[in-house]
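There are two complexes below, and they share subunit A, which is joined by subunit B in the first and by subunit C in the second.
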Partner chain A sequence: MNLLRSGKTWATLALAVFVAAMSGCGASSPGLAARIEAGELQGAQKPVPDDQLKFNKEKIFRVLGGWPKPPLYQGNPFGSGGIGDTNNRYMFEGLYVFIRSTNDVYNVLAESTEDGPGTTTVHLHKGVKWHDGAPFTSKDVWAYYRLNNGADVTKYLSSIETPDDYTVVFRWLDPAPYPELKKLLLAQDLQGQIPYHLYQKYVDKADGLLKQAKPLPDRSKDGPFHLDIPDELNKQIALNWNEFTRSGPAVPVGTGPFKFEKVTTTDMLLSRNPDYWQPDAVNYDKIWIKNVPELSAQYALVKSGKLDWYDGTPPKDILESLLKLNPDLLHYRMYDPASVGLMYNIRRKPFEQVKFRQALTYVFEKSKLREIGNYYGKEYPKISMTGIMPSSLESELSAEALGKMTDYTHNPEKAASLLQEIGWSKGPDGLWRDPGGHVPSFIIGAPNNWVPGVNSAQIAAEQLTRFGIPTKLKAVDSTIYFANADKGLYDMSMDWVDVSWGFQNPWSSLKVVYWDGTKKKVGFPNVKKTGADGSEIDTGRLDLKVAGIDGKTVDVDKEMRRFPYVQEESERKAIIDNLAWIANENCWGVNFFQNVTGAWINTRTMAGNYPMMDQIVQSGRDMPLPETDADRLAVTHLNHGFNSTFMPREYWPR
Partner chain B sequence: MSPRGIAKRIGMSAVTVLLAMLLTFVLLRMTPGSAIDSWARDYATQRGMSLEEAYRQITAMINYNPNEPLLTQLGRYLGGLLHGNLGMSMIYQNVSVNEIIANALPWTLFVLSISLVISFLIGINLGAMMAFRRKSLLDPIVSIYAIITSSVPNFIVAILLLVVFSFQFGWFPVNGAYDPVVEPGFNLPFLSNVLYHGALPILTYVITTLGTWALTMKGSAVNVLGEDYIVAAGIRGVSERTLMSQYVKRNAMLPLITTLAVNFGFMLGGSPLIENVFSYPGMGYYIGQATQQRDYTLMQGLLLVTSVAVIVANLASDLIYARLDPRVKLEEG
Partner chain C sequence: MSQGFADFWRTIYRNKKSFSGVIILAVFIFMAIFGPMLASLDMTVKFDNRYASPSWSHWLGTDYGGRDTLLQLVYGSRDVLTIGLFAALFTLVIGFVVGAVSGFAGGRTDTALMFVTNLFLTIPSFPVLMIVAALVQIKNPVSFSFILAVWSWAPLARAVRSQLLSLKNREFIVACRIMGLRMPYILSREILPNLTPYLAINFIMAAQGAIVASVGLMMLGLAPYSPTNWGMMIQLAVQNTGGIFNPKGYIYLISPILCLGLFQMSCIFFSNGLEEALNPRLRSN
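Let's turn to the complex of A and B:
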């Protein structure tokens, strides 16, 4: 056994040395820095004529992606497993695109938009065709929402009309959301995904079923197109949706710049759509997507220059090694609209006490959590959890609200004093005891495959234990973790916090806190009502009434529901100030650090106007976080605007 | 072996299959988590609805009731099995488990049968030589090799081969079973492409199992070498070469036949880790996916095929062994 153990150690060491040695063997031609220094990249860059291409003559854009492997693959983006998120953006388009981190909205299938009283009229581009040759018309947009009636925007619409083939009229409920929100609600959908000519059977059935529903009596409840859908009807709608998701087609049919060509378990080929309505926007003939789930294999592909673009920031040592070994690589960092954090479970004692939660929050040294969780992330020591992306706190909140927020910067003395205030005492063994004299021990739950979360949670547990509150990390299989955390099985749970999954708008990230993921892990109470049989029914609606910034009691659910319809920006700002302040003061969780992600360009094969060109040499090709709006936008585009845009049009083969 | 003995063994195998199937069925349902949980999360995000609503709609959609009595579920499962139907994947609802297995099994069979044959043939020859020439350098070299390769997880070897031969030298493809540019079918470009893609997975299996075969064979051959008939053959002047190939190797191989058959059965389950490294679309890959997504019907189907394969291989080895070794016949008689 000992021999085996020593054999294992020896073999592992040998492997590490071997891989490192082999990885260093490759050498490239003059890299990016040398080319810049030689003056090769001065001025605005333009696409290279085909006959002058040197390094990517076949004009193939090579990236990574994922999809259900054949025989599981099918062409319906709504089918089980979808067609792969990465691949969506090459084949499908919406009326608009928005950039998640900036909320910039651009027209795509919409040629122009007019806002009228209670309506938004969209004029579609003419000449747009589905990949099977059928024209894209207003009926397709209507079909998208009648069938996909769970889409967020349908809660705010009374109807969608199609006066002609190229005009769509969205009729809003009264009151309607404020103008910017209306646009974002429409921009977050990919309307060119449900070709009516392919799915007519399901669209018409869904439309017929919706027509059977009666209008809701008032605005206290949400429903698609303001309809009150009884359970039986809802079941029929869901079954129709299920049949639709199983109906194919075998390969995707979109309107996008690339058409599906072939798929195997590991490779997908997309070819340029010859009928694309914006032919000049396509610089590549093919997209070759590789499905490589293994991280080490992904890094090896990046290092060996076998990809043109890669998404993600590896740990510091790997990042530096990749840049060193391949002089053509260029790495950009960007803020992720999501933070790694911990939530306290207020269903469990003593976490129901705000002072206890605050005490724990003072214990955390966020810089250490960030260093281990994501070296390139950014910590914000002053806040607990606000529901707002920390990097935009200053722009979204008023100085007054920020000034009134409790500062949670690491302060063990403050933590001790808060604990003493609620009757806790520290024993001679250095451990804290509750008022009953009991030494508690706590568990932090984390999904086992989430590296930043698990790593930072381990350090957080050690920091609490060192302070005298024994805490352990429980890394749980990710397939069951979230259900367990939502049920309140852990004292503290790790997840993304202060995050907006769709467009980046304070209301969107506050929804996560008060209505979605954070609510379940913290365990906010819901409004209960008594059923016909006298039993208690959970309505699922938030029941949270707490003191606001001015000391008056705030019904959080009511404020959240009111927000979309408030037309005055100053009034909306006041709501955001209040709700963010409430979250920070009540300390339902801790924002460890805002995540920073990245994008890699292989400049040997991919040319373009690389953002922040003047800083490339100086930064050693590991670019700092962009500071100006223009740079931020350019860098965000590099990451497909966080999954919402088709990026290669801004770059071309070299 | 007598017909009665054969019937007895077949009967025992059938009971084992039944027990394996029941155990798989029950144990899978005792594992925490549910297919609906992760699906509901995706569905809620996709359709912009609450998790509760998504959960409710999905259970209605797929007619799945997690609270349905176990016996009712088992009855339905057995009913399907009697018709050769392993059910539909819970996650990928329009694909049957039979179809998924039919797609995955050939790839696993292809890679593992070639690697098993290669490693077995090389291993037994090396083992016999080690036993025959115990004072040569071959013995310690192969022993050290076997210790190293049996202690290093096989996926590490897979990554190592990938780094060196695919990324560094570019001699082999990075992953997959064949290039998308070749047309699948019974044609030379496709077959050679498949072989080219299978080379590294095959090499991984050969490297990691070769040493074990050699050591097992060595142990068996050393025992045989001490037998009286070998000593007698030596005294009779039988050449060393004939002694090794006709006397020692043949007899020493007998116990390895059982191991070979059982390994053949086990290999049908593939290796999730190796197949994941090479993104090879075999049984192991789908076992990994089904486990991750709690796709019970798919897991059941894949595990059932693997269990049946092991049991059948075991039965086959018993029957073959009885034909190869007269002593077994005597015992049965």
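Let's turn to the complex of A and C:
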């Protein structure tokens, strides 16, 4: 009684009640496993009627995102900093969407598609409106490509025609890319981003400038719409593009299901587009996006159920702790079409020697790298780096090619023997010496904000050091890291390897190896030519001639250029076999592990047909990697098809 | 000299705070010098042994990779103390020389040196360090310390200059100048002893500042990444445990925080007694 009379005790009780009320925040609910066991989620689920909503009555979809902070925020998705990558999918649409990990393509603004001889004709949905009320027409699609003429697909097109307001004809060059590639090249763009009525001035100018260019004489060079654009014209096109990126508008104008409402440094609010052309596909009234960069703060939001959906898989123990602390959370894992890996810089000695690179590759114990880098990832000990997503190796490569690949499974004895073959020797101190008797020390560079990369690179450095090759990690600020790595400032560089940034097929991922990111970090040579003044000019074109799988010399650049036009699947497979074998054999890098990422659902506030429902209870809400195509697709949808689909239409407030 | 030394230690001993600071610092120095000789650190990943609780074989448990936390702290102490002490030394030397010459010489020299000092005080260090990171290769703790000192000497230089301005017109300095003694002599023999207490305190504070700042430089890529640096251990612990989201990792998280906190506390306690020990006026009081 005395206790109850004390003022402090009352204050404590009041505080406890307040905390309990805040943490409960509305109606109580048993956890997900209890609901499943009680039979609450049997059969196909349907959207909850408004009057039966219990936990998300305001129908707000709450997620995390990032964007340029006001006053820098502006509405042009191509402007400086964009509008925030994660918000693209809520406000903008393309003709199609594709699922990055499966390459499934679905119609969005395109109602139907016809493939003719040398053409792809797209019929647009009628009644689609931009957020400012203007109709979306074929002219907008044409405007997208005339202004954004650096888009990948323009290299394969001769023209885009608009016979009427709702028909777009893409005319392909002859030869055209193979059918699957044509579809994906079109599907990877968000064509509903450049409303012609807003950007007419810039679109018409770009169109006029392109019309001044002459056609290329042959297919040995690339250019938008097969045009040979001289430097001076190119500068004018770039200038026009730069002016366009600075031209606004103040807020985004798309055709998507949500319209921009307001933005602050920490919060962005989108509201349902009342004129959306698919009204039944929108289950939420608002999307509330919070900008919380700090990981610990993000976990706090997930734990407390303040988010409906969260992207990413934290370290194992944190993941298990979050699931334990919040019984409504459900976590799905999925393969990421990207691997964490390391690239050797062949511009630096002794990395120009293939046997040295192979020796180092034999030193790495990939299971340890994966455990620390991303416990849920999957290592493939046999390969070095192939240019193919490891989980697709067996489906993309022939058994014969796979059988001929050098096996790089951890083998320190093999590493030592290879080093001895090239004149290295191990001293009494356990350190390896080069043929000149010098003990080298190497640096692995990694971008400091990339946790799986930094963590696994640190272990890689320790493994090499323990083997007798002193190596240190430099975790470099990410704003300068990539430029430094491309310039060859580190002996070894960490980055995503065997990755495709757009659609997931071998053409896309081999391009990264031989023409894009990997090429720069490894330091593949380019073809040089002599300028008019006698100076040496780097053409930027790959100059790599190496032995292929059959022992004959392969001009890699030539093979890459031929690849997209090969219509015969078996011939394409042979190219893939050869280029992947070459990458593995030459050991220009090491695939540490294929990344596995994840998505979280707060089932207290977000309802729907959760994938693999029958495994939720037995897996303890930490779902295993999906094994069937249907499950894989459903789980990938949960991750917005890796930023290309609009996920909330498949789920609804509870 | 021996009498002065004895007086110094007597004063430190009487100041309980300062004495406890000395004891803790001595433990850390012992740990840095002899620790790595007594036990070897194995950084091999033993994932199944991660976040182990304290035991006889792992006194402070293990980290996210199953490696011994105490041994990492012991090995890290060498790096941490070397960087701290060298960075403090460089800070002190640069700060004193610039401040003293500026204050003593006056005129154009003073204007020029203070202009440079103000530049270092006002230019934001982050973008400059980014450029330095791209240009400079740091290969040992001494060069690492020098880079740290480059960004911390300016406030000390201004403070020393202020002290100089008040000292240089005192009778004993005026007498030295009338006698025709050269500036280096006056600075080292007459002025430096008067500033010793102040410089000693700054030395300690600069050392602890450098240890904290070293993590920032590692994460910029200016220096090789050292997973046993205490600051880096804290960063890794927060990153891998999510701060409070992994109960198994609490001891691993708290250990480097406690170590760094103890080191900073010992520095502050020690410096508290330093002024008293080195300033005869305070001691007599």
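To be clear about the criterion, the second predicted complex is superposed on the first by the 625 of 654 C-alpha atoms of A that agree within 3 Å, B and C clash if a C-alpha of one lies under 4 Å from a C-alpha of the other, contacts with A are read in each partner's own complex, and residues count from 1 in each chain.
Note that a contact is a pair of C-beta atoms (placed from the backbone, for glycine too) under 8 Å apart; a residue touches a chain by one contact, two chains touch by 3 or more.
Just so it is clear, the structure is predicted and the values come from calculations on it, not from any experiment.
Visitor: Considering only touches as defined above, state whether A:Lys472 meets subunit B (first), subunit C (second), both or neither.
Guide: The second partner, subunit C, only.
Visitor: Go through the superposed model and pick first if A:Asn242 touches only subunit B, second if only subunit C, both, or neither.
Guide: first
Visitor: For A:Phe78, using the defined touch cut-off, is the partner it touches subunit B, subunit C, both, or neither? Pick first, second, both or neither.
Guide: A:Phe78 contacts subunit B only, not subunit C.
Visitor: Quick check for you: in the superposed arrangement, does A:Asn448 touch first (subunit B), second (subunit C), both or neither?
Guide: second
Visitor: So in the superposed three-chain picture, is A:Ser296 touching just subunit B, just subunit C, both, or none of them (first/second/both/neither)?
Guide: both
Visitor: Looking at the overlay, what does A:Pro314 touch: subunit B (first), subunit C (second), both, or neither?
Guide: Only subunit C; A:Pro314 stays clear of subunit B.
Visitor: Go through the superposed model and pick first if A:Ala44 touches only subunit B, second if only subunit C, both, or neither.
Guide: neither
Visitor: State whether subunit B or subunit C is in contact with more residues of subunit A in the superposed arrangement.
Guide: B
Visitor: Could you look at A:Glu462 and tell me whether it touches subunit B, subunit C, both or neither (first, second, both, neither)?
Guide: second
Visitor: With both complexes superposed on chain A, which partner does A:Ala532 reach: first (subunit B), second (subunit C), both or neither?
Guide: After superposing on A, A:Ala532 lies clear of both subunit B and subunit C.
Visitor: So which positions on subunit A get touched by both subunit B and subunit C?
Guide: The answer is residues 296, 300, 303, 477, 479-480, 484 of subunit A.
Visitor: If we count contacts the way the header does, which residues on subunit B are in touch with subunit A in the complex?
Guide: Listed in rising order, the residues are 32-34, 37-39, 41, 45-52, 57-58, 60-62, 89, 91-95, 99-100, 103, 147-148, 150-152, 156, 159-160, 162-164, 166-168, 170, 174-181, 276-277, 279-281, 285, 292-294.
Visitor: Residues of subunit A touching subunit C in their complex?
Guide: Going through subunit A, the ones touching subunit C are 295-296, 299-300, 303, 314-315, 317-318, 321-322, 368, 371-372, 375, 443, 445, 448, 451, 454-455, 458-459, 462, 466, 472-477, 479-481, 484, 489.
Visitor: Would you mind writing out the residues of subunit C in touch with subunit A in their complex?
Guide: For subunit C paired with subunit A, touching residues are 43-45, 47, 50-51, 64-65, 130, 133-134, 218-221, 223-225, 227, 238-249.
Visitor: Inside the complex, what are the residues of subunit A that reach subunit B?
Guide: Counting only subunit A, the residues touching subunit B are 3-5, 7-8, 10-12, 15, 18-19, 22-23, 25-26, 68-72, 74, 78-81, 148, 150-152, 234-235, 238-239, 241-242, 245-246, 262-269, 290-294, 296-297, 300-301, 303-304, 306, 477, 479-480, 482-484, 486, 501, 515-516, 520, 540.
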